[in-house]
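Both of the next two complexes hold subunit A, though its partner changes from subunit B to subunit C.
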Partner chain A sequence: MTEANAAALAAATVKPRRRRRRIRGGDVLDHLVLIVGSLFMLVPLLVVFQMTTVPDVEMIRTGPSLQIGDQLDENFDKAMFEASGFSGQNTGTRMLVNSFILGIGFALGKILIGMMAAYAIVYFRLRFATLAFWVIFTTLLLPLEVRILPSYEVVQKLGMLNTYQGLIIPLIASATATFFFRQFFRSVPEELVEAARIDGAGPVKFFVDILVPLSKTMIAAMFIIMFVFGWNQYLWPTMVTTEEDMFTLVRGIKQITQTLEGTNVPEFGRANLLALIAVLPPVAVVIFFQSWFVKGLTESDK
Partner chain B sequence: MAQVSLEAVRKVYPNGFEAVKPTGFHIPDGEFTVLVGPSGCGKSTLLRMIAGLEEITEGVLRIGDREVNDVDPADRDIAMVFQNYALYPHMTVRKNIAYGLKNRKIASAEIDRKVAEASDLLGLDEYLDRKPSQLSGGQRQRVAMGRAIVRDPALFLFDEPLSNLDAKLRNQMRIEIKALQRRLGVTSIYVTHDQVEAMTMADRIIVMNGGRVEQIGTPAQVYHAPASTFVASFMGAPPMNLVPAEASAGSVRFGQTEIAADSAATGPVTLGIRPEDLIPDAAGPLAMHVDIIEELGAHRLLHGSIGTERMTVHVGKDTDVGTGQVPLSVKAGAVSLFDARTGMRL
Partner chain C sequence: MWLPMLLLVPQLIIIAVFFYWPAWQAVQSSLYLEDPFGFGSTFVGVENYTDLAGSSEYMRIAWFTVIFTLLVTFLSLALALLLAVKADKVIRGAQTYRTLLMWVYAVAPPVAGFIGLIMFDQSWGPLTEFARSLGWDFKLGVNYFDTATAMVIVSVWKQVPVNFIFFLSGLQSIPRSVREAALIDNRSASGRFWDVTFPLLAPTAFFLLIINITYALFDTFGVVDTLVKGEPGNNPMTLVYKVYVDGFRGNDLGGSSAQSVILMVLVLALTIFQFRLVEKRIHYT
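Now for the complex of A and B:
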């Protein structure tokens, strides 16, 4: 998109002073590198897209090709509305909704917990606050994969298997978010706290009225990272969700590729379309929040 | 409106540093008091204790008739203007000014009325819907003032509010703040390290040094009768000339010259003479060797030495002087004597 913009801009500037404009060898080289790079990233995606537009049988006969077929609609219907399991409940739409709940719940939960932890550490005179922070920080060394068995047991005992809270809550304690918010809060001028105290804002009011709005851009940045991270969770959802209507996209696709076995024609179109759909929301989140993110960097609001 | 009194107020930080030594003074209702001193002298700490942002280690602080040692800042009936304005960056000017009122659960019609009144007083009407980042330094300063005055506090506290402004704006805001305080008649405590601000704005000046009060007095008292050599050298630009001399009842001997002094002190002293109290006089007893003349338009400063002592002399623009030897006389009754050892006024 930026390339197109740049091209448009260049075209606009070229017109009034066409004579002076000369293409330098360096520019050509730069663009060559960029074009090769973007092809490197895009071609696999395009191949996947191509596969979703042709009948599955065609796929087996000719393999991937450059020819765009006419099966996109049909594959889309199959992917989004046709159940792939036994219960008939894990349609693409259902999985998409589950993924969104996981991604958003995961991101918001992490942001909320991280902000509150950082708030306590930075603004309150706690005994051992620094120690508490470093203890939180060291949990970075203990990702979910390390503690997956005890976590599973706890969730199971609490009866949260196959629930959204079971999917989300064990994941949301976040050292990363706590760390970033701590750094950010420490950069908020002390005088703002004092002014708020004199203005009669208690701890909760200060947090809600002042700190949260000030952290907007930071929250947006965290949301990008955490949403994508939550969306792409695979291992944990696989463990705690056994009922098909709780499947997320990322794990549901795997289930479809499992049904490729047997004598049926594999559902290439459907699986690949789901894969594409699974890619879109994280991309959209990044694009949407990116402008906020940049604004936060350039427009110093403190 | 309220009087403020401190009784043996002391501040010791957890690391053992005594920022404010036991200090007591009384500020009458409606007075504009300036706390002045070099950085690290404890003036800001004192102000922050009065605001309630720092705990008072020992002593009693009263605002009005109420002891407020353990009262929350929000309940002390004070308003504070900070050095960096401390405006809430995400709120518009209107919301910034109204925030304190909103937290006090005041009816919104009343808030609107008060905000309008304050913005009118400060000329902020057209900026009410802007964010602080869209305002200039002087305008931000006014918003900070507005935030303070809408609350109708009993006491204004200013923590070096002008030090982030450029010199011209500073002069202007100095007058505005002083005029506003006169009009509202609110007791005010103003902290600054700038002795010009202290002299021009204060009803009374409290000069602090090293966590101690050096002198409390009107600007004239502090200037003409400094309580110590510290005050003498801190207040006034250029500072008072301080030279070692020998006192004998009723006069003081500096170098070869005998100067009349209204003091019974004898023995070694420090002699203080304000630069403008030394007058070029063909028949003067002091001979100064002038090295540099500083031209300041309305007046000139002569820098040089008498004997081995560096001196500065302040003369009007019409006085015709050059470098080299300049004979001087001392204005009668304009000398201060300080104890040579302790630096205290004799």
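Now for the complex of A and C:
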């Protein structure tokens, strides 16, 4: 091999390598930041998961470790089917069912009355449409937290404590959903409305046969956001449900925490498993329907 | 004519019954002093408000809320911005990172608080042990400062994903042509970020600022409630939690209502501020 050849060869091998390394340098830093960030989000949940796989007695002695035990089945049975409260009705299964009822009822309710109101505001020449719009708007000014006690009293007077309707109905007035659909309905071309009118479709038919199918994606996006939002409600369920068979998982978390304080052998297995189950459905929804979720979130809040 | 009315009625009834009426009740009972045994109430005018202004405990809680809100807002925005910029840049694994960084959005605040209790457990919590290894004897629920620290950390953990999602979608909506122009004009990555990307993100950031302040004020209720373990006593708490404690546990209806009204005014101010910004935002885009 001549010197020139060797030099050319060296240049040929060195050059691309150097370029690749330079790209990698910045890249490595980016990935490092992202990995640390991802771990910051993920590790706490892994700790909680690890604790559901070991016996409680061992947990008290050593705390969370890297070892995955074999108690998951047992803890799962205990959490889902054995009652923890006084009434014997506070099982994980019961709470899971209640959580689903709240999440789905909340989402459907918001979408339904939001769409109805938006339809009325956009498609009818109402004199008080603007007024109705502003009335709905003011709900943004009155979050539940600033009217806790009197709201509780209203529900109490209506005899709706410890009922699903008391749990769901006061929460479903929604400026967000109304504005979201109002925005969308406005973007529906005027020609479509005229075509429907020429074909003799009445306002109800137009809504059901044309507008609802057109809004499918919007409805899906809104449903995902609102399901997660409803599932995660805490303050309102804490106040209006006092009977244990009405608890949702998120509402029950406080009772779960208290079992860690009082008892002789704190039931970490059960508590952590319930916390995990309280987290999984909404997280699954967010992960599996990610693009709809992001769409619903970024387009509805603005 | 009856149809649109019918469509609007459900929403309007709910608003009247569960929003306006309770809000009015709050304003009204904030002017009365309720007998603790429920035998009646006396009109006291603004005394409930002046009591609050004179209460050193209320002022302490108000200050804590301000500092807590600033810390949570700043930290979660800064972290999320950093992560969003990086997630926007990488190609390999972008989707995985995005998922890993946004799933916590779906965790309920009290569950986040519960996870905080585990991480900061007195005897073996991983974060307690970490603090100890730095010579910090961390005592959640006992030491005021330590509990406050845990509240901030848990609240930030819970809030980073929302900000991340909005920042990332903001970054991705910056046109390719603008990025390429910036690439030609400005060689340093940080210079490009501060001169081009950041101003273009400003509307998103302003919007998120309000969202975060509202979150720290109101939605952290669940975090506070679980982290104080049902014993508010000596522990830090936010103004919203104080309304709940006074109204439900302390049975101080007048005082609690006055606090509610103060919060209503705060929300009103924030909303006006937000809409001012939205007007600006239109100017930007």
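Note that the second predicted complex is superposed on the first by the 264 of 302 C-alpha atoms of A that agree within 3 Å, B and C clash if a C-alpha of one lies under 4 Å from a C-alpha of the other, contacts with A are read in each partner's own complex, and residues count from 1 in each chain.
The criterion applied here is as follows: a contact is a pair of C-beta atoms (placed from the backbone, for glycine too) under 8 Å apart; a residue touches a chain by one contact, two chains touch by 3 or more.
If you're wondering where the values come from, they're calculated on a predicted model, not measured in any experiment.
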Partners on subunit A (subunit B, subunit C) - clash or fit: fit
Contacts of A:197 with subunit B and subunit C, given as first, second, both or neither: first
Subunit B versus subunit C as contact partner of A:33, first or second or both or neither: second
Which of subunit B and subunit C A:134 touches, first, second, both or neither: neither
Touched partner set for A:288, first subunit B, second subunit C, both or neither: neither
Contacts of A:81 with subunit B and subunit C, given as first, second, both or neither: neither
Residue contacts with subunit A in the superposition, subunit B compared against subunit C: C
Contacts of A:117 with subunit B and subunit C, given as first, second, both or neither: second
CA minimum distance (subunit B, subunit C), superposed complexes, angstrom: 15
Residues of subunit A that lie at the interface with subunit B and also at the interface with subunit C: 301-302
Touching residues (chain side subunit C, partner subunit A) in the complex: 3-5, 7-8, 10-12, 14-15, 17-19, 21-23, 25-26, 29, 79, 82-83, 86-87, 89-90, 93, 97-111, 113-119, 121, 123-126, 157, 160-162, 165-166, 169, 189, 207, 211, 214, 218, 221-222, 225-226, 229-230, 240, 243-244, 247-248, 253, 256-257, 260-261, 263-264, 267-268, 271, 278
Residues on subunit B engaged by subunit A in the complex (per definition of touch): 51-53, 72-75, 78-80, 82-84, 86-91, 99-100, 103-104, 133, 147
For the subunit A and subunit B complex, residues of the former touching the latter: 189, 191-192, 194-201, 205, 209-210, 213-214, 216, 299-302
Complex interface listing, subunit A residues touching subunit C: 26-27, 30-31, 33-34, 37-38, 40-42, 44-45, 47-48, 51, 60, 62-64, 113-114, 116-117, 119-121, 123-124, 126, 129, 132, 135-136, 138-143, 145-151, 153-155, 169-170, 172-174, 178, 203-204, 228, 231-232, 234-235, 238-239, 250, 253-254, 256-258, 260-261, 271-272, 275, 278-279, 282-283, 285-287, 290, 294, 297-298, 301-302
